[in-house]
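Both of the next two complexes hold chain A, though its partner changes from chain B to chain C.
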Partner chain A sequence: MRNLVPILTVLAAIVALWYAAVAPMNIRGALDVAERAGSDVVPAESRARFEQSIWRLMADNSEHIALGYSLDRPRLPTPVQVGAELWKTTGEMALRGRALSKRSLIYHGWITLQSTLWGFALGTVLGMAGAIAIVYSRVVNMSLMPWAIISQTVPIVALAPMIIVLSSQVGIEGRTVPKAIISAYLCYFPVLVGMVKGLRSPGAAQLDLLRTYSASGLQAFLKLRLPASMPYLFTSLKIGIAAALVGTIVGELPTGAISGLGARILIGDQFGTPLAIWAALFAAAILAGILVTLLDLMQRATLRRMGVQA
Partner chain B sequence: MLNSNHLDEGPQSGLNREKHVISAKSLDLTFQTNDGPVHALSGVDLDIGKGEFVSFIGPSGCGKTTFLRCIAALEAPTGGTLTVNGMTPDEARRARAYGYVFQAAGLYPWRTIEKNIALPLEIMGYSKSEQDERIARVLDLVELSNFGKKYPWQLSGGMQQRASIARALAFDADILLMDEPFGALDEIVRDHLNEQLLELWARTEKTIGFVTHSIPEAVYLSTKIVVMSPRPGRITDVIDSPLPKERPLDIRDTPEFLAIAHRVREGLRAGHAYDD
Partner chain C sequence: MSWLIFALVFWIGAWALNAFLANSAWRTSLAVRVLIPVLFGVTLIVLWEGIVRGFGVSPVILPAPSTVAQTFVASTDILWEDFQQTVLKGALSGFVIGGLAAFAAAILIDRSAFLTRGLLPIGNFVAALPIVGIAPILVSWFGFDWHSKAAVVVVMVFFPILVNTVQGLRETDAMQRDLMRTYAASYFDTLLKLRLPAALPFVFNGLKIATTLALIGAIVAEYFGSPTRGMGFRISTGVGSLSIDLVWAEIAVSAMAGTAFYGLVAWFEKRVTFWHPSHRGH
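Moving on, here comes the complex of A and B:
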């Protein structure tokens, strides 16, 4: 209960800021609507209004500001409009038994989720394998780590189309695989860095103790390094799955994809339907929230089983 | 002396029964560092007999921990010879000649006390039933029988260190090497653990190598006190304690005890004259 107050305060502040921003963002659209409806607008000409600042327009047309909160194609929709659009394309369609229709965000979210999970699995495996190689081999540490860092400085939007083109060149059908590769590309890095740190977390005394038992390298890995890295692993996985989702959406954006949340965002932009963009954006955020929460629950269950103090 | 052999079932018991369990002859160890060579050990000669309780005392940098690590084959000497149970330290380690207790208990936080003690047994491939039997036995030995199912964070520092001693005892090594095991504990707990350690030593007849920087602790526990001094790390005095094996805590107020403590202090002071 005590935690609820600050959370709600922040939420209320964000919503208030959002509502306040809607008026200046939509004032031009509101005045266009008012002009078409035959109301008096200052200045009366659409072209002349473009010369004016939005603040001036708001001051001169204060009676029309309210129109900005109910436009069909707002620059910035209100939270209620976004919520309504989101419901229209998810819950309502599901209620009508059309959850997997191509107009439903559930369908597009499912497309995105598939690639995200494949990418996440691939990225996690690559990241963990890379981390193990780095921890156990000085040569790999010196040769692989710089490339891993460089790989993350290349903008993914520049790389995504190339990955799509190259994967179709080698005969991979469909978009699931190239999207998963893009998503793995973003996802492996936090896993790699976190696991390197986690696998290296046991101190010298811990490793000496195992040497006094003449433990093999494999035993040291399974009994000490791997369990010691678990808290680091889960933190990395949470960052990794969010990165995987971003990767998939980026993979859907500039590449002519027609399904997936990224494609919805692009199509919304091309067809001038900002509500669709915002709804897809929120669907992506909600999806990310669910995925991270699931990992958090897994983390709690695992660490509790490992006897970590609650 | 109590003649209990109930912990002596290891494969190497009865073998290599020579006079000296640990024998060092003009042992040298030089670390190459960026600031030039550091002589951690220089010309160390020492023989330790079976069943002895040997303390190593000296200021930091005198090589007492390094010497213990050499015995455990965690460091490799650069000169001289060192045998453990008549073998090289490496062979002795593979023959499970010693259990090592570090200053930090170093229990795995994700394992219960039982499972922590099971760690060396799992690595050495003991069967599950034998693991259980040994865990019960050593838990009893360190008086932690009711705490096997607890996690380390549920135990006090002193109890954690007792658990780590139990872990070192679990696989029946004849030698127990202890590197400032009670250094991080307060004095009251330390007194209690010292008493318990003497009891445990009497019951198990282990040979114990014990690093400390506390003079009362060294004198109270040991049959032999090795005084060391730094730069280069070397032995300045070896004192065979005339104290009886039976030692109540108030033995520390007797003239004999104080005389040994005085001699240790003199030895430490002589070593320090090299400073400045």
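Moving on, here comes the complex of A and C:
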């Protein structure tokens, strides 16, 4: 709560900057609209305007600047326009009982969320299994760890179209599976690194103590290493779920998907409707915020029950 | 069939050799530490080759590594052109601009404790967002050539570097800052001689995250429109025209570029932050 005032101040500054930027970004569009409405515009010809700098245009046509704040297809929409579009495609449709219509962002967000969660689950399982193998086997540690790092330096977007082609050739219907694979690829690494750190966090003295109790390897794992790794695990899960969402959206972007938030961005680009792109972007941001917040709450609850000092 | 058996035998043999090496007396030597992962990687490629040949997988679905290597050698001029367009012009220039901007912004923000408290949570949140989605907007703002790709990269790398640098600048403790004050050091002296060096491990952490993001941004932006060259362009058209071997060659280039880029930053980090505990004692 101590940070609330600074955060709000910075947010207000960002919104103010955004509003200030709308005028120069949209001046050309505003002048086109004004010209079509029959107003006087300097210079009068669209081609001549194209060669003028935007600052000059703004100085010469100051009475038309305001038009830039209410264009149908703005280069840069105002926050209010984005918010209105977001409400139109989510809340308003839900109120009319069409929350799952194909034009509603709730439906597309749901599609994206499904792949994200599948990818997150797959990536978490892979990451945890890999971490356990790395901690317990020296061979795996020495051969797998360098490749885990290298795998993250490979831009997954280059592979994404291939994964989608491959999975459709192998006979997997739909896009949920390839998208989940892409998000698992991005998501497993933070989990792996965090878990390796966590499983190795118990000191030699603690491990020795368990040995004096003649605890078996499994007991040492379940009663010492696993609980000790929980704070590390949750921190990396929060990074992992954000990465999984990025992976899903990357999987939806390049290859002609028709549903999902990434596909909305793609379709908005193809049909020249910037408002749809911005609304989908903000929906994705809100989704990311909700997912990370949920994991944060789970982390707090779990750690409190385990008696870990936050 | 013989290919499949060969691949399996190679796998078992390589695994046994790795297991032997990892538990042998030479396991701490540099040669073995390099050899083991290399052997692991080679095994994966041999398995891939064996499966493709053994099951007779169509090259339209998955070409064998040997086919990809042939295509790679045969089309180095195309690959080099794409590499220049995407990596050198798009990713690298965006990385440099975004990195410098983030660094400068971090130093300015750091002067105000109020701004730092407000910006860190927002920056952390934005760094976790799927910013790649902004690519079509920036492509429509800055045109099809590499400028729009660089712009996407700037936006993508800005926040991770900003957040890490701001966090790093807060790393010094009161004792160290007080010591600088007893030396009558000015703000800039303290910044240059104490706080920036202390922040370097964090800065490099941000830079390393940003290397991957830079390549992702540059390639994704090309899916939304580019001149008739570039890695993203070649991949998306290659998938459409079924020249899958060329696509895999591009993937190989992007993998090597990504690894080299990361390796370069990591090497630089080691040279600059040799004093940090994580780099001592090797």
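Here, the second predicted complex is superposed on the first by the 306 of 310 C-alpha atoms of A that agree within 3 Å, B and C clash if a C-alpha of one lies under 4 Å from a C-alpha of the other, contacts with A are read in each partner's own complex, and residues count from 1 in each chain.
Convention: a contact is a pair of C-beta atoms (placed from the backbone, for glycine too) under 8 Å apart; a residue touches a chain by one contact, two chains touch by 3 or more.
Fair warning: this is a prediction, and the values are worked out from it, not measured in the lab.
In the superposition on chain A, contact is made by A:Leu224 with chain B only, not with chain C. Contact comparison for chain A: of chain B and chain C, C touches the greater number of residues. After overlaying the two complexes on the shared chain, residue contacts for A:Ile239 are found with chain C alone; chain B is out of touch. Touch criterion not met for A:Leu17: it reaches neither chain B nor chain C.
When both complexes are overlaid on chain A, the residue A:Val308 reaches chain B alone and has no touch with chain C.
Once chain A of one complex is fitted onto chain A of the other, the partner contacts of A:Leu209 are limited to chain B, with no touch recorded for chain C. Once the two complexes are laid over each other on the shared chain, residue contacts for A:Gly262 go to chain C alone; chain B is not touched.
Common to the chain B and chain C contact sets on chain A is no residue at all. Chain B contributes residues 72-74, 93-94, 96, 98-100, 102-104, 106, 108-112, 119-120, 122-124, 151, 153 to its touches with chain A in the complex. Contact residues on chain C toward chain A in their complex (touch as defined above): 15, 18-19, 22-23, 27, 33, 36-37, 39-41, 60-62, 114-119, 121-122, 125, 128-130, 132-137, 139-141, 211-212, 215-216, 219-220, 223-224, 231-232, 235-236, 239, 244, 247-248, 250-251, 254-255, 258-259, 261-262. Interface residues of chain A facing chain B in the complex, by the touch rule stated above, are 205-206, 208-215, 219, 223-224, 227-228, 230, 306-309.
Chain contact summary for the complex, chain A toward chain C: residues 2-3, 5-11, 14, 75, 138-139, 141-147, 149-150, 152-159, 161-162, 165-166, 169-170, 239, 242, 245-246, 249-250, 253-255, 261-262, 265-266, 268-269, 274, 277-278, 280-281, 284-285, 288-289, 292.
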